[in-house]
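Some structures to go through are shown next.
In the two complexes below, chain A is the common chain; its partner is chain B in one and chain C in the other.
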Partner chain A sequence: MKKQTWAAWLFISPNLIGFAVFTAWPVAFSLVASFTNWSLERPQTSYVGLRNYQELLGDQKFWLYLGNTVYMMLGLPVALFGSLWLAVLLNRKLPGIAAFRTLLYIPSFASGVAIMLLWKALYNPDYGPINQSIRLLYGFFHIHADVPQWLLSTKNLAGLDVEKVGITGSQFGLGARDALNIMGVWTAIGGNNMLLYLAALSNVPEELIEAAQLDGASKWRCFKDVTWPQLAPTTFFILVMSIIGGLQGGFDQARVMTTGGPSNTTTSLAYHIYSLAFEQFRIGYASAVSWVLFGFVFLATMVNWRFGNRATSYV
Partner chain B sequence: MLLLICFAVLVAASLAVWRLQPPADPQGRLVLTWVSDLNPLRTEQAKLFEKLHPNVRVNVDPDNGGVEKVIVQSLAGVGPDVYDAFDTFQTVAYVQSGVALDVSSKLPQEGIDLKKEVYPGTFNTCFYEGKAYGVPTNVAVDGVWYHKDLLKAAGVEPPKTPWTWDKLIPIAQKLTLKNPDGTVRQYGFLYDNWNWADFFATFGALVFSPDGSRCVLDSKPAIDAVQVMHDLVYKYHVSPSPVEQSSMATQGGFGSGTITFFGAKRGAMALGGRWWLSTLRSYKGLDMGVLESPYGTQRKYHMYGRAVLVNPSSPHLREALEFQKFMADPQYLALINHQADGIAAFERANYLPSFEFDPDHPDEKDNVVWRDIAARGIGWSVSPYLNANTASKLVQDQIDLVLADQKTAAQAMRDASKNIEEAMKVSLRDDPALKKRYEQAGGR
Partner chain C sequence: MVVLLLLFSAFTVLPLIWMVFTSFKPLQEVEGQNLLPTHWQPENYSQVFTSVPFARYYMNSVFIAAWVTFLTCLTSAMSAYAFARLEWRFRDAVFKMYLATMMIPGVVTMIPNYTLMVRLHLLDSFTGLIVPSAFGAFGTFLLRQFMLTIPTALDEAATIDGAGPLNVFLDVVLPLARPGLIALAIFTFLGTYGSFYWPLVLVKSEQLRTLPIGMMYFDTAYDRQTNLLMAASLMSLLPPIALFLVGQKYLVRGIALGAVKG
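Presenting the complex of A and B:
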């Protein structure tokens, strides 16, 4: 091996060793652990084959929390198109546009915990500004209805049941899961996705738009048929990353805002894994759930790659 | 060659920086890490130990609190020297995980006889299967706090104790005041949803059978206890629902939102411990009294409190044991009582005149009430066959549904019982040794 190659290996070795010790090894180890009954409470651990995976298939809680996770991803399309809309607005050459861009990027660099606590206060059913506004509107339009209880309610727009996988009419309404969805959309719209779209918009060749305009295309037509196809790779990237983030997400919100409640309705798979491993000490089973979650993420990414790539066209 | 020299310089610089890091204690004292809670009272308690042991600095570490952190860190060899177990559930988890030192033979050598000196209600936090692991730091029992002026304004005399939950209801109703728009201005009686253990104790309800082999939550005492919790909110409207409780919003300080809500006089009476004073003392102009808690079918009260445990792999085992022994020191016990950090776990400290009347807090005239409640304190039932955190969570999940008025008490306790039995089956399946023991004990 050349001297320079040795030197290169030497210089990347701290990072490589760190990756191997703190990422690759734990990941591999968790796969092994998923085939054991390892519990922090017991000194002995034994191989149990696929039993954890079999248990998981019949574990109602796993499916409930998977349902919660998927439900809390329903805001992704709204967030995606919201980011695009915001990027289009901010892509204009207007005085003070840099200030607007900075302001709208605040959710990304502000402390996540601080934002969550702020939203928690906004959602207060009695004194929160959201319900105060709803009450005002109800009063104005003479509507006699209860205001949503947000983070304290098990209700949701799909009517998902609390204790079993299914739909129950009595659960229909606005509740904690919807509250987290709304917050998630707000956070995602003005964040990195907006920046990615801004960068992509600035790369759309102006001559293409000019040519379309010369051909008499309206503004909407220009956007739909010229700009949007040019944004396809960015949209694809954002979609894939959002789905991965969504499937792995929900932990921070559950930890800070709801502790997974009410009645576990905001417990996502990520929070469930934490609870299994570090509250119930079932490391083996938690590892199995982690690998199944990885499987879902992998599958979703593959599906996106397979079908999303087909739609990603370059004009 | 130049690149290699650069690399070597970087490595040498890193080593130098590591070597030059400042010592853990500038005075060169041994640093003993105590994982406890965020309560500011801990600092003063640590300082007292430092005063008695000038060669030791106590590093109070609330950031690494939590069963999972203590267990994982201790098993990895980087755990604290001493740490607090906050309830029976935690002690069991620590012992079963092998991170708690058995001090059964050491304590008698230090002249400490826990069985004779501390409240029996703390035994479950200190002992597990006959062996001693923890020494209680303090204990708490819940009584009924009340605002004397609010009772007077409503024309209500402080109730005579002992009293039952039935007696509390009409009084709480008189003390519940509403605004013209129907919203409640002042609740008659406040409690937290995690107070279920208090209600359970007064009805003689248990989570597990005495041998721990069965969950007995689907029993009349448990259902009755949960029914009272529900009825206080939805039938008699004297206590806030979870939705209304959230509107109380914690306003800072140590403790839960209910304490600050009570301190702000949004409740005339509240179920809470003497430790509430660590927050309420900072409120100006409160005139409060304390009553023995109401009871259901038995005049027994849930006793809870911390115990300090020693990490067997601590590099400072001698000092860690000294710290554990410090929990029985008369100066420490006096400090606990003076700080109102619950009450001292060693009974003898609560029969001293200094406990009955603290000249620094002359308005606190009900200390004897706390002592009397503590004398009726009982510990919690656990099972050796199920992780105690899991059991607690499964109960709390169902209580939450009852308090959200989504389930009846009977249905919730039946479901909790079923869920716990299922969790126990999984636990036994995963641990053949435990299963064998379970079967030997007559479990099926």
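Presenting the complex of A and C:
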């Protein structure tokens, strides 16, 4: 036993040291920093207690950016049902079905700056192919209307106000946040979630479906009352993971495609933290915002642990 | 059903097709309504390399991703072995700590790591780009899950034959954990190759730019030259696509292992 303990520490130490320096210590450090006024532009740092947290709760911008973050998660349920639908379609033995899976998987693993530059070009209001197609359709049906300005517009489908937290009629329409949502759905729909659904579908016992069919259930009833409940753990897992990812998300696309604009409407909390820390160098305040973000993620994780299917435990 | 599938595929594929054709168009055709170029211009691809140090970005990205992948796989395999196979006193406590940090948002640790790099004078260096990314808890978690599925009878037999922990690790567990290691290698390589945030805050000089950073600046400088941008984007997608085609089956298994029980 003694020998194993020695060996264990030798085996784990390279990873554990790296983990301690680049993960564990920074977490503790960041919590302490969130109670200070530390700025890279100020020589003196002192403890300010809860003042950073008070400031952010009273800051209109924080709530606006939280609203942006939540709004830019509205694509998640669309992507989830899209993935499920796609998995159902692909869950059959047809020649060439594997090629379809690969094709549909491309956007998700290739995502990144290259894909964002592609969509930035697609959304160009003047010569982008999306608006060119819309103009063609308008011309065909003799519609006289303005084309969406996509990444240049503060409009959104919920009519969220730009200046304050609220809804106003003049903001209804399609704008930058919707553009990012559509891109997000395109990226996610054929990705890992579809693969998880495919795996879950292949685990649904065939006897159950056959029994339902014998009882004369329609295809839709079979799906709704037999398959869908069997998929519940997978759906729950995907939903919670998407929420956790979505709360922290929205940085890359905002930096590459919109720089957080127009009028900060695509500024998510992650982008806000980046801007506070690396553009304004307000390390203390940025740390406080990141801990509030962590709080939201923690809540989502707790919901997962409390209500999730825990057939397997880790430890 | 087949019609639906084709519709879905069209939604996915049309932007990619547009990207391919646009990358071959002369500049004056980019704003036109034709999908196909009337004049094919493959010189766009070579022009990317002369407009910006694109080869340099490529090499930086692959170099950094290769190092991060190597370090992650090596240290994660060792620690996963200690968690999955060896008996030691604080094992469960340390593992719970690993698990707990996996839900902490990256932005929380990003700021202290940045100040640490400032203090160690590692801003704008390969070391700063590689080392902090090479010890995530995810790799340990994934490989531990994988090793738990390997029957213990094999290493017990080896132990009875007098093999020490190092021999069991090298000769029994590691070869059997190969599919898991390959999945982790692909995940890590793809993740590092595409990573944006950390290089963005760390890199100041042009020689150290990775592909995502270089392409972002390329976009700012050559805003309207969509044909060149699409050529550059397509070229940056080639290594991930090649890696995916090679490692597809390992990837699918890894997603199921790392995610379903996450």
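Convention: the second predicted complex is superposed on the first by the 297 of 315 C-alpha atoms of A that agree within 3 Å, B and C clash if a C-alpha of one lies under 4 Å from a C-alpha of the other, contacts with A are read in each partner's own complex, and residues count from 1 in each chain.
Basically, a contact is a pair of C-beta atoms (placed from the backbone, for glycine too) under 8 Å apart; a residue touches a chain by one contact, two chains touch by 3 or more.
No experiment lies behind these values; they were computed from the predicted model shown.
Novice: Looking at the combined model built on chain A, do chain B and chain C fit side by side or clash?
Specialist: Here chain B and chain C cannot both sit on chain A without a clash.
Novice: Quick check for you: in the superposed arrangement, does A:Thr168 touch first (chain B), second (chain C), both or neither?
Specialist: neither
Novice: First (chain B), second (chain C), both or neither: which does A:Ser39 touch?
Specialist: Once the two structures are laid over each other on A, A:Ser39 reaches chain B alone.
Novice: So in the superposed three-chain picture, is A:Phe298 touching just chain B, just chain C, both, or none of them (first/second/both/neither)?
Specialist: Touch partner of A:Phe298: chain C, not chain B.
Novice: Once the shared chain is lined up, is A:Ala121 touching chain B (first), chain C (second), both, or neither of them?
Specialist: both
Novice: For A:Pro129, select first, second, both or neither according to whether it touches chain B, chain C, the two together, or no partner.
Specialist: In the superposed model, A:Pro129 contacts chain C only, not chain B.
Novice: So, A:Leu152: does it touch chain B (first), chain C (second), both, or neither?
Specialist: first
Novice: Which of the two partners, first being chain B and second being chain C, lies in contact with A:Gln213: first, second, both, or neither?
Specialist: neither
Novice: Please work out whether A:Phe278 is in contact with chain B alone, chain C alone, both, or neither, and reply first, second, both or neither.
Specialist: A:Phe278: touches chain B and chain C.
Novice: Which partner reaches more residues of chain A, chain B or chain C?
Specialist: C
Novice: Which of the two partners, first being chain B and second being chain C, lies in contact with A:Phe11: first, second, both, or neither?
Specialist: both
Novice: Can you tell which stretch of chain C collides with chain B among 9-17, 27-35, 81-89 or 117-125?
Specialist: Stretch clashing with the third chain: 117-125.
Novice: Can you list the residues of chain A that meet both chain B and chain C?
Specialist: 3-4, 7, 11, 40, 121, 124, 126-127, 277-278
Novice: Which residues of chain C touch chain A once you look at their complex with the stated criterion?
Specialist: On the chain C side, the touching residues are 1, 4-5, 8-9, 11-13, 15-16, 18-19, 22, 30-33, 35, 74-76, 78-79, 81-83, 86-89, 91-92, 94-99, 101, 103-116, 131-132, 134-137, 140, 145, 164-166, 169, 190, 194, 196-197, 200-201, 211-212, 215-216, 219, 226, 229-230, 232-234, 236-237, 240-241, 244-245, 248, 252, 255-256, 259-262.
Novice: Which positions of chain A touch chain C when the two form their complex?
Specialist: Listed in rising order, the residues of chain A that touch chain C are 1, 3-5, 7-9, 11-12, 14-16, 18-19, 21-27, 29-30, 33, 40, 85-86, 89-90, 100, 102-107, 109-115, 117-122, 124, 126-127, 129, 132, 136, 186, 189-190, 192, 195-196, 199, 234, 237, 241, 244, 247-248, 251-252, 255-256, 270, 273-274, 277-278, 283, 286-287, 290-291, 293-294, 297-298, 301, 312, 314-315.
Novice: Any idea which chain A residues touch chain B in the complex?
Specialist: Residues in contact with chain B: 3-4, 7, 10-11, 37, 39-44, 48, 55, 121, 124-127, 149, 151-154, 162-163, 261-264, 275, 277-282, 284.
Novice: Residue numbers of chain B touching chain A in their complex, please.
Specialist: Those in contact with chain A are residues 1, 3-4, 7, 66-68, 71-72, 75, 93, 96-98, 183, 242-244, 246-247, 249, 387, 389-390, 393, 397, 400-401, 404, 406, 415, 426, 430-431, 433-434.
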